[in-house]
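Presented sequentially are two complexes of chain A, the first with chain B as partner and the second with chain C.
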Partner chain A sequence: MNKEKVISFPHLGDYHIPFKFLLTKLTNYKVIEAPPITKKTIELGSKYSPDFVCVPFKYNLGNFIETLENGANVLMQAGGGCRYGYYPEVQEKILKDLGYHFELLTLSDNDSITIKSIYHTFKKIDKRIPLYKMVYYSLLTILMIRYMDNIDHYIRLNIGFEVEKNSFIHLKKEMLTSFSTCKGYFSLTKRYLKYKKKFRNLAINKPDNCLKVGIIGELYTSMEPFSSYFLEKELASMNIEIKRFTNVSYLLYQKRLQRRKNLRYINQYCKYTIGADGIDNVYRAKYLIDQGYDGIIHIKPFGCTPEIGAIPIIRKVCQDGKMPIIYFSFDSQTSETGIKTRLEAFYDMLKIKKG
Partner chain B sequence: MNAYLGVDIGSISTKGVIIDDDNHILASSYIWTKGNPMEAVKELIHHLEKEIGKRKINIIGVGTTGSARKLIGTMLNANIIKNEITAHAIGTLSLYPDVKTIFEIGGQDSKIILIEDGIVVDYAMNTLCAAGTGAFLSSQANRLGVQVEDFGRIALTSKKPTKIAARCTVFAESDLVHKLQMGYKKEDIIAGLCQSVVSNYLNNVGKGKKIKAPIIFQGGVSKNIGVKKAFEEEVGNEVIVDPNGHLMGALGVAILSKKNPLKTSFKFSICEDQFETRGVECNKCPNHCEIICISKNKKLIDAWGNRCSNGDMMSKTSNH
Partner chain C sequence: MSKIMIGIPKALLYYKYGNLWITFFEELGCEIIVSPNTSKKILEDGIKYSMDEACMAMKIYMGHIYYLIDKCDYILVPRLKCVKKHEKLCTNFSALYDLVSNVFDTNLIHYNIDVDHKEDEFYAFTTMGLSLGFSYRKIVSAYRLAKQKEKLLKEREISKQKVLIASSTKIKILLAGHPYNLHDEFIGKQIEKILEENNIDIIYSDRYDDKYLEEEVKVISKKNYWTFNKEIMAAISHYQDVVDGIILITSFPCGPDSLSNEMILRNVKIPITNLIIDEGNSDTGLLTRIESFIDILEERRKNHE
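== the complex of A and B ==
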């Protein structure tokens, strides 16, 4: 009486596409995506979460409930880092108390996600997966993420200046669909190059002295547009060039490679790391000042401890560099009007300053 | 004569000014919003019309600010709709070009604006709690059985202000009740409340900001002389309260509408038009966006609140 295994996972921006790709290739489970995040997702998530937990927990829980309702019986969660490390256990408990039957797999062991821990997780799903296949598809997925992030970087620089409305979004959708059906390294790279060219050919009308703003802060609110109330979209509509550092490529390997260099860069402010992306953001603030950006937006979920630790240092860095900075804390209760008012005022301030 | 109308629709009060080309105030009005911004604005315009009287003016710019700026901007066909932070800074700078710090405490929100060389360099707004704003003060005045307008005068008579815990509105209120029951004098408690407003403001909104003189204090609460005095004691500098301090937002947005090359037409007869708002829930996806439709004389003129093109109400009706 073996029920069919149906696996699902929470959303994070557009990364459900490579992740679904990986799961489909490596397991014989049926893979379903959680329904896209809507107000209903966060309502469900908040209803069953502790009120003071950071908001990504609520989004993830809402995703889980919606996907369980659609028939999923194996859930996947990442974990690691900060309070995020507790997410899998606590969410499993809450969902089991609600009466759902499922199995929960985590990508991390103890504290961090490593290639070894991912390997062990997939071994749990299917003991017979050959090592070469696992390595092949993992690296292919990482490459796909890398390509997505590269394109995203280009999009953020230019989307605020598109001539035809929504042309970037439409092309990106088309590209992601194309990526999800790639066969291997060669076909993926071919598609990437094709779309890279297409993106470069999209008409833009970008002045040389446009406003440039950097987004720094906690990873989930940086990468999941719904949780930041579509902050980047809002900025693009004000014709601003956006720089964002956090993406999955960064978290997977760049962060590790850059850690020592980053700490050296900011050694007048800090000597050691303070958990999660705290120090990375101090580095980014200084980097943006040195690169002549016009302003910085720092975002985090309400109560995000590593970022709360980093904020006073970032404030000092920005005071020294005379850099305008604005801080946003997002929660399920955040008033959207309040964000808009502050953002508009920030824009006016930068615009008048620039002249 | 060309003139420009600026309207600032706050949670508690609605302010309006009409200025000429040299930023002189020709007419101004200040009334309560009473939870109905559209009616309040009609009344406001009525007042302004009366004050203008027989003078011949031609209003070619309309600006709106404050929390109902979008709704009223649509209603008045404004040529500029600006957030209150920018509007307050512009308005204040037109009267005090060398101001360095603006304290603003309104009905529901409070903000601080820092200015260097006539340019806004930093600002902050209260985020989580409304403790220390006008709404809090008037509810406490109610509890103490005094008019909120008399608050400042009574506070000045106190010799030994009582300390009130002011971290949070609810706790401040229970602490106040407790102090009353303990038998503290009313004027001491009122003075303590004024001080708690100031310490709350400086700890929350002014946190980490360098406050430099000249300092201007405005917003409804600036009319309270007790709070002004508490600010001066705490900051150690003179705090200027302009008699027109409550009009700064409206003035600022009127100036901005003057600067906008795009002009609009405005008639006082707008008071006779029928405006209506309607909330519609879009059911095309589980997000259930709440869309606000505003209509003038039964004709839809604008709609907003939708996250995606599915809920675009205007495109469906844009053919007429």
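== the complex of A and C ==
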């Protein structure tokens, strides 16, 4: 009996839209999204996870369980980087022991994501996908991610100063639905330009000397708002301009291009790379100091090894540059009130410092 | 000219490469100071100088560095990114050099191994020797000798363990974990002491001949890529037929271990217990857990007879 294949993948911010687009265009599988992350997801995930594994593992596992309950039988996981590269095997083992039947595909090969490994993964799904189609849609998806990130960047700078409440979020939702139905490069770019213009026309009330804060840290907690307890939203409500470096287009190609430059920029602190985003974050801290930002927020899941290696160095950089910095470490048990209180205290301090 | 004084912290990779380093520097004619066994004072200093979320082994390491400052000209802080092709280590090992140089103000020797980028162990030793001002010929001969001695010492330990396994009739427990956890005064030695008091033979996972490593790892995990964790997995699958039980030692919150342990616990067929040690550990709690584990093993043996 040949059952219909239903493919699904874990959540990461809004990036489920381009990824779903890619899968529907390339394969003839039915693509379903994992249910949105809620408290229940993380409870399910923590229940079956090892004790002191980092939080993204628990979120991913929770996503998988919920989507398997909804009828998925092929799962996708990215892999690569630090501990993340070993997620797939452990998650597969845990879920199989729980009695689910499925197939797990990984985009990475061994420990890093390369074009070759992605190609092999899609060949595994369907041997008949022609190469030109794969290249066409992969590049289209990458372009879509890039456009999304560009818009996100603009949103982050201005969302704290919107005149009409929630206008940015509504427009973004509209844009994403419009993106997901695009047909090719031309229509995508046309839509992007249209929405870019719309965003620029949204009324904002931004003073010249507003507070500017940079968010640095581990990638999953930076990109998945639920895992950082909607930190960015909180900051926006305090009328702060936000700069965040990590996004998927950064991870996909910018990172590789910038590595040497970054290391040269901070050569008085670091001689070698640390692994994952460690060195990038030291670079960002120095960059934010040089650009005259008012404060830095460093976020990471509890026990994130690369960041633990980087934090003493970042601390030194910030001491030398007299830059206020606050560290948040998220776990499945973190209290939301605690975060809010600390954030408010940090905000007050920045405000007094600015005068 | 007075001799160069080199400090080697007795923590982390010392337990793996210690013999190699000491012989190498002795052959070159340097003076060596190795920090003493971990004491309460060293641990407290380490906690003071490290991040609160760093793993226990790292905290101990920082304590040892603090002890060595002002006692020597250079401190050997290795930076290991990758020691086998297409494999990785915990990122702490690649951050170690920069971390120490930012926290403490002291002279460090450059010792960098990154096989994926064509910097192997021999290259690391030559650059290290040259930076200290020794001739190339002297360095090569010292490295060869050190390598031979390291191999000899390791083989001796392994054969000793083989004899023990063949001759012993007592209950045998495999202590599995990273060498720096197994042999540290505050982590592994505590457990060792309790086991010895209970008249039990101890087998160590780091005394293992890695000839068939790749095949033996596959029993537990097919995709693991951390060199040190693969060694533990291979040792466990190698020894699991000859021992009665396994104690898996982890320092809290070790990154690679958090996932690898899950695979080990789910794939091993004999009794196994996982002891997670951190600086706030109570001795009594440890004692109770180990004793009850031993009771289980004794019962099992009786039933089999």
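What we mean here is this: the second predicted complex is superposed on the first by the 355 of 355 C-alpha atoms of A that agree within 3 Å, B and C clash if a C-alpha of one lies under 4 Å from a C-alpha of the other, contacts with A are read in each partner's own complex, and residues count from 1 in each chain.
The definition used in the following text is that a residue touches a chain if its C-beta (ideal position, glycine included) is under 8 Å from a C-beta of that chain, and two chains touch if they have at least 3 such contacts.
Just so it is clear, the model here is predicted, and its values are computed rather than measured.
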**Study point:** Three-chain arrangement built on chain A, chain B and chain C clash or fit
**Key:** fit
**Study point:** Which superposed partner A:T38 touches (first chain B, second chain C, both, neither)
**Key:** first
Practice item. For the superposed three-chain arrangement, provide the angle chain B-chain A-chain C between C-alpha centres, rounded in steps of 10 degrees. Key: 80
Practice item. Applying the touch criterion given at the start, work out whether A:E164 contacts chain B, chain C, both or neither, answering first, second, both or neither. Key: neither
Review point. Is A:A345 contacted by the first partner chain B, the second partner chain C, both or neither?
Key: first
Practice item. Decide which partner touches more residues of chain A, taking chain B and chain C as the two options. Key: C
Check your understanding: Which holds for A:S329: it touches chain B only (first), chain C only (second), both, or neither?
Key -> both
Review point. First (chain B), second (chain C), both or neither: which does A:D97 touch?
Key: second
Review point. After lining up the shared chain so the two structures overlap, which partner does A:T337 touch, if you call chain B first and chain C second: first, second, both or neither?
Key: first
Exercise for review: Check whether A:E69 is in contact with chain B, with chain C, with both or with neither, and answer first, second, both or neither.
Suggested key: neither
Practice item. Could you tell me how near the closest CA atoms of chain B and chain C get once both structures are overlaid on the shared chain, in Å? Key: 5
Check your understanding: Can you list the residues of chain A that touch chain B in one structure and chain C in the other?
Key -> 312, 329
Exercise for review: Could you pull out which chain B residues touch chain A in their complex?
Suggested key: 67, 82-86, 119-123, 125, 127, 208, 285-289, 307
Point to revise | chain A residues touching chain C - in the complex, by the definition given at the top | key: 50-54, 57, 82-83, 85-90, 93-94, 97, 110-111, 269-276, 278, 302-306, 308-313, 316, 329
Review point. Considering the complex alone, what residue numbers of chain C touch chain A?
Key: 50-51, 53-54, 58, 79, 81, 86, 88, 90-92, 94-99, 101-103, 110, 112, 221-226, 252-253, 255-256, 258-263, 266, 276
Review point. What does chain A use to touch chain B in their complex?
Key: 35, 38-41, 230, 312, 315, 324, 329, 337-338, 340-342, 344-345, 348-349, 352-353
